[in-house]
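Contents: one structure, followed by commentary.
Note that the chains take the letters A, B and C in the order they are written out, and that residue 1 is the start of every chain.
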Amino acid sequence: MERRIAVLVLSVSLFGGALAGCTGPAPQAAQAPSPALLATQMLAHPPGVGVQPTGQTKVFNLYLHKMTHEVYPGATMQMWGFSLSDDPTTATVPGPELRVQEGDLVVVNFLSTVDGFDHTLHWHGQNVPYHQDGVPYVTQDPIPSGQDYTYSFIANPAGTYWYHCHVDSQHHIDMGMYGALIVEPQDPAQDPPFDREATLFLDEMDRFHLESGQPATGNLPMSGDPFDLAHYAQREAQDIVDRNQVISDKVTGTPLRPTRDWYPVTYAPYIVDRNTFLINGHAFPMTTPVFTPDGGVLRMRIIDAGDEVHSLHLHGHHMLVTHKDGVLLDHPYWADTLLIGPGERYDVYVRGDNPGTWMLHDHMGDNEQNDHIHPGGMMTMLVYDSLKDEVVAHQHGSRAEAAGLNPWQHSGAYLQG
Amino acid sequence: MERRIAVLVLSVSLFGGALAGCTGPAPQAAQAPSPALLATQMLAHPPGVGVQPTGQTKVFNLYLHKMTHEVYPGATMQMWGFSLSDDPTTATVPGPELRVQEGDLVVVNFLSTVDGFDHTLHWHGQNVPYHQDGVPYVTQDPIPSGQDYTYSFIANPAGTYWYHCHVDSQHHIDMGMYGALIVEPQDPAQDPPFDREATLFLDEMDRFHLESGQPATGNLPMSGDPFDLAHYAQREAQDIVDRNQVISDKVTGTPLRPTRDWYPVTYAPYIVDRNTFLINGHAFPMTTPVFTPDGGVLRMRIIDAGDEVHSLHLHGHHMLVTHKDGVLLDHPYWADTLLIGPGERYDVYVRGDNPGTWMLHDHMGDNEQNDHIHPGGMMTMLVYDSLKDEVVAHQHGSRAEAAGLNPWQHSGAYLQG
Amino acid sequence: MERRIAVLVLSVSLFGGALAGCTGPAPQAAQAPSPALLATQMLAHPPGVGVQPTGQTKVFNLYLHKMTHEVYPGATMQMWGFSLSDDPTTATVPGPELRVQEGDLVVVNFLSTVDGFDHTLHWHGQNVPYHQDGVPYVTQDPIPSGQDYTYSFIANPAGTYWYHCHVDSQHHIDMGMYGALIVEPQDPAQDPPFDREATLFLDEMDRFHLESGQPATGNLPMSGDPFDLAHYAQREAQDIVDRNQVISDKVTGTPLRPTRDWYPVTYAPYIVDRNTFLINGHAFPMTTPVFTPDGGVLRMRIIDAGDEVHSLHLHGHHMLVTHKDGVLLDHPYWADTLLIGPGERYDVYVRGDNPGTWMLHDHMGDNEQNDHIHPGGMMTMLVYDSLKDEVVAHQHGSRAEAAGLNPWQHSGAYLQG
């Protein structure tokens, strides 16, 4: 009898030990897996694949409009902004946030009111069927101006994603064609809890490319609206001429800049001098503060919609880096400076344990400028709720600002301490 | 009796619990180690160090030849390519893959047929004895043209590595002097299993530097072959003159660009305008598709052989990042956009669960261009086997392409939905 | 009786299994936490927050002086260097290392002897009260030249941090206003043990901006000392004129470069041509070797004080990456090439198991140059103690160097093997 009990207890104890083994992101092995086995398990369950549809449909009417946009005081740009309304005055850069739940059927009816340019929409990071992927001449024909087009797909994986045009992508994204796609997890406990969230889009552009009558550096100045198709075609034609004349091999005489016929459709040259740096469509001091709850937890979804790497530094706190490209990391890590590249997303969590006004800015000095003048560009502040009234009183457009006071300066708070 | 059994069972159960503890990359502690202890254990066993030699020798005859190379349709460059043969028509950029097993004795007999330039070979990431490290004037004298030189070393660690010249490195690597060195692990189970693999070399260059008769931007145009030594010496002499005359201190009159004698050997100035962006030696649309097994696992070894960071985005899938600089990560992570810097390698695994044609491209807009024209540059596609015939039919050089059809366009597949 | 013993043993065995579960960085749960729970636990204990003060005070008198500084042989720059002494000949770039213990009260008395410029000090990554954070016009008024100012804060978190000016930051950091702040942990066992450590500051600059009489590219040459306030004000006034005249909208005639009044205080334009690349204030071949203990462990604290990303490659070894932004990683990883962005810090550990002289350099070719000439820039060497005498004999200023021998060349060591 004793022996039978002993054997029973032995088996149970080994099994109990195994139950306490390492947690992997995939179904748990009886023992902690080797790195190779861990990778194999993860590959069997890529994020989002096989998600259970919710049975819900979220429909969005997404328009594209021409708009003017003040980037920083005195600097106005002509851009293309998305809107959920056909009223062009509601267009914004970045475009509207589309927020759905993982497993929802997402339906986006797209219509551009900007004459003469084609577009598509790409759902960066989402596992869509390929015919919904938005790549011109590969997965679809581009959508002409004025023509309706509908995208539909089951949202997956969960996390922070974004949508943008994929026709002449660098140019059209610079014009403003991007917005956030936030896919909530089905299980709210999947993400660490937070008290407040903010989405921060990073971007750079050539302000002068987008000014009326002043095309990009390197192209001939042209009069008239650079955004109408006739003007664009004129620049294309001029470029073809230039390409065959400007530089030739000194020995053989053959043109060293070839014609543009390596592909059925190529776009006018786009040579960008990046002199303007944006967070959520504005440059300092016109960036919006990120209001932070005293003693609470702030989640920031950071998206690089530009063409450059950025090195974002937060004063006074370390950030907990929790998600990469929408997916929760098994092993989050602390950082006070976050390096992020074009297309990437990082979610970070910050605990509000140090009340104050804290700079959050690109540590790349070139990018803290408006047209080479500092301060400017990719700079904003985390402002604690307890200091909100002071800072808001000084914000752009306030009487304090009109009186020449620094919009970011505490009225007297920093004299304390 | 019962008590003795009870004590025995107690000990066994605690031990059984410990067996189920965390797996570290190093010998396992009875309990999960603190991060400091984990690091200490890892440092006691750096990757590759102390590997058991296999007793096998792998010998490679590696030649360097001048070659012409079509980067994208109509854009031909003169380059230097490696080959395993003395026949110059077999030279390639990137050079041939050298594949060995960890612990093999690798013997590389190097011979350059390019007149007038010195070279070395460096085995980036490998633990070689320092006299095999290939650093000119530090670990060896450079190897003159036409002279044999043999490198030999025990291959370690396992993983994805690469070889390149280390004389006037930026210039010689731009000329094409690089190739993959794949070191297979001794234990095949060390890596997660995969069904197919592909190596992707990323690179950028100044196409006009390498054109006959047209040296780099900023240098005087010269007639004749820019690759012969007389021409190179002429440019050097001109540069020394320029340096002493062009810019002088306005107040003191002393030259602000010093002579070049801070080191016994310095090289002619190399000022690069990066306007051409390559994957495995070609720019879109001449990049090769990455054929992906439906339902299988693709492993991609990604190597940045250039001078810039790249932000590689794959459509329709998250990639599992498994290896950094050849070494398996304890904790792989998911990414749809991979930031990679010069010299780095990342291995990623992709599960083929979303049939289609999927762009894999640098999200840095400047790099999706051929000489400022989009589309081009650092763009390719993952093409599923089930769609292979359609896409291949349209590839460069096919009749479909001759008929003006987009080489990347499915014949009609994207009209499905 | 047997049943009661069996029950007892059963409970003990399950508990024993749990004791062997995964170690998290925060208080340990009885079972390995899910990633969301792990993040939540970590957020409850951000690094440094709630540290127990040591009761010790560390006082530093920190001066700023003008200085001349030879970056590489023949290339002298005028810079601003910190010192712990009022004797200007003791100023250095980087500035002096401030080394304290976590929980110490740090008191820094700052005084600048450079006429006409304002400054602040920012403690990058430290959890200071916001009025100690050093952001001009946000947390304090800037400190005029010649005026004392005292910062004081409890040092936390532990790790590798740095201090720098935050007035006209890119410009003032380029002038040399940075140094290391090393915060030792209270528990020495918190970090993995090492035998030797070295701090490596990475930086880039425009050497010609800082030459007497030669302002930055793009600005009009001016005579006289560019560092005195009258000259600086002259450049500012000229810029305002330029801005209103140089580029105007071709259609509307309005100036496209606005005036600079979007903020109460803006600084003269600073347009940098980065042509000089430094490790600890010098460019190759004037960089200092990193002497490495044979068979021992070297810890390197790497800090990017510049405006660019760097891709640091070490020959002959993989580095164990242990700390990010001062904080120990739960899961260190191996790398032979480290990508680091402005403001970031990485600590790496290297085991000295491969005696030799090993290059440690930026793999970005542009940065391995002095004014476009290679070799130069961001390159140094790890030199093993056993080879120290040979290499030191050839260092800059030695008779070997005067005889035209390469300062980095082993006298004959590389002929062995």
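Please note the rule applied: contacts are C-beta pairs under 8 Å (C-beta built on N, C-alpha and C of every residue); 3 or more make two chains touch, one makes a residue touch a chain.
Computed from a prediction, not measured in an experiment: that's the story for all the values here.
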item: Chain B and chain A - chains in contact with each; value: C
item: Classification of the chain A:chain C interface as same or different, half of numbers criterion; value: different
item: Between chain A and chain C, centroid-to-centroid distance (C-alpha), Å; value: 28
item: Numbers and ranges of chain B residues touching at least 2 other chains; value: 2, 6, 9, 13, 16-22, 32, 309, 329-331, 339
item: Contact set on chain B toward chain A in their complex; value: 1-2, 5-6, 8-9, 12-13, 16-23, 25, 32, 72-75, 189-193, 208, 211-214, 221-224, 284-286, 297, 309, 311, 313, 315-318, 320, 322, 328-337, 339, 349, 351, 353-359, 363-366, 368-376, 381, 404-410, 414-417
item: Residue ranges of chain C in contact with chain A within the complex; value: 2-3, 6, 9-10, 13-14, 16-22, 30-40, 42-44, 46-49, 122, 124-125, 127-133, 135, 137-140, 157, 168-171, 173-174, 247, 249-252, 256-272, 304, 307-309, 324-327, 329-331, 339-345
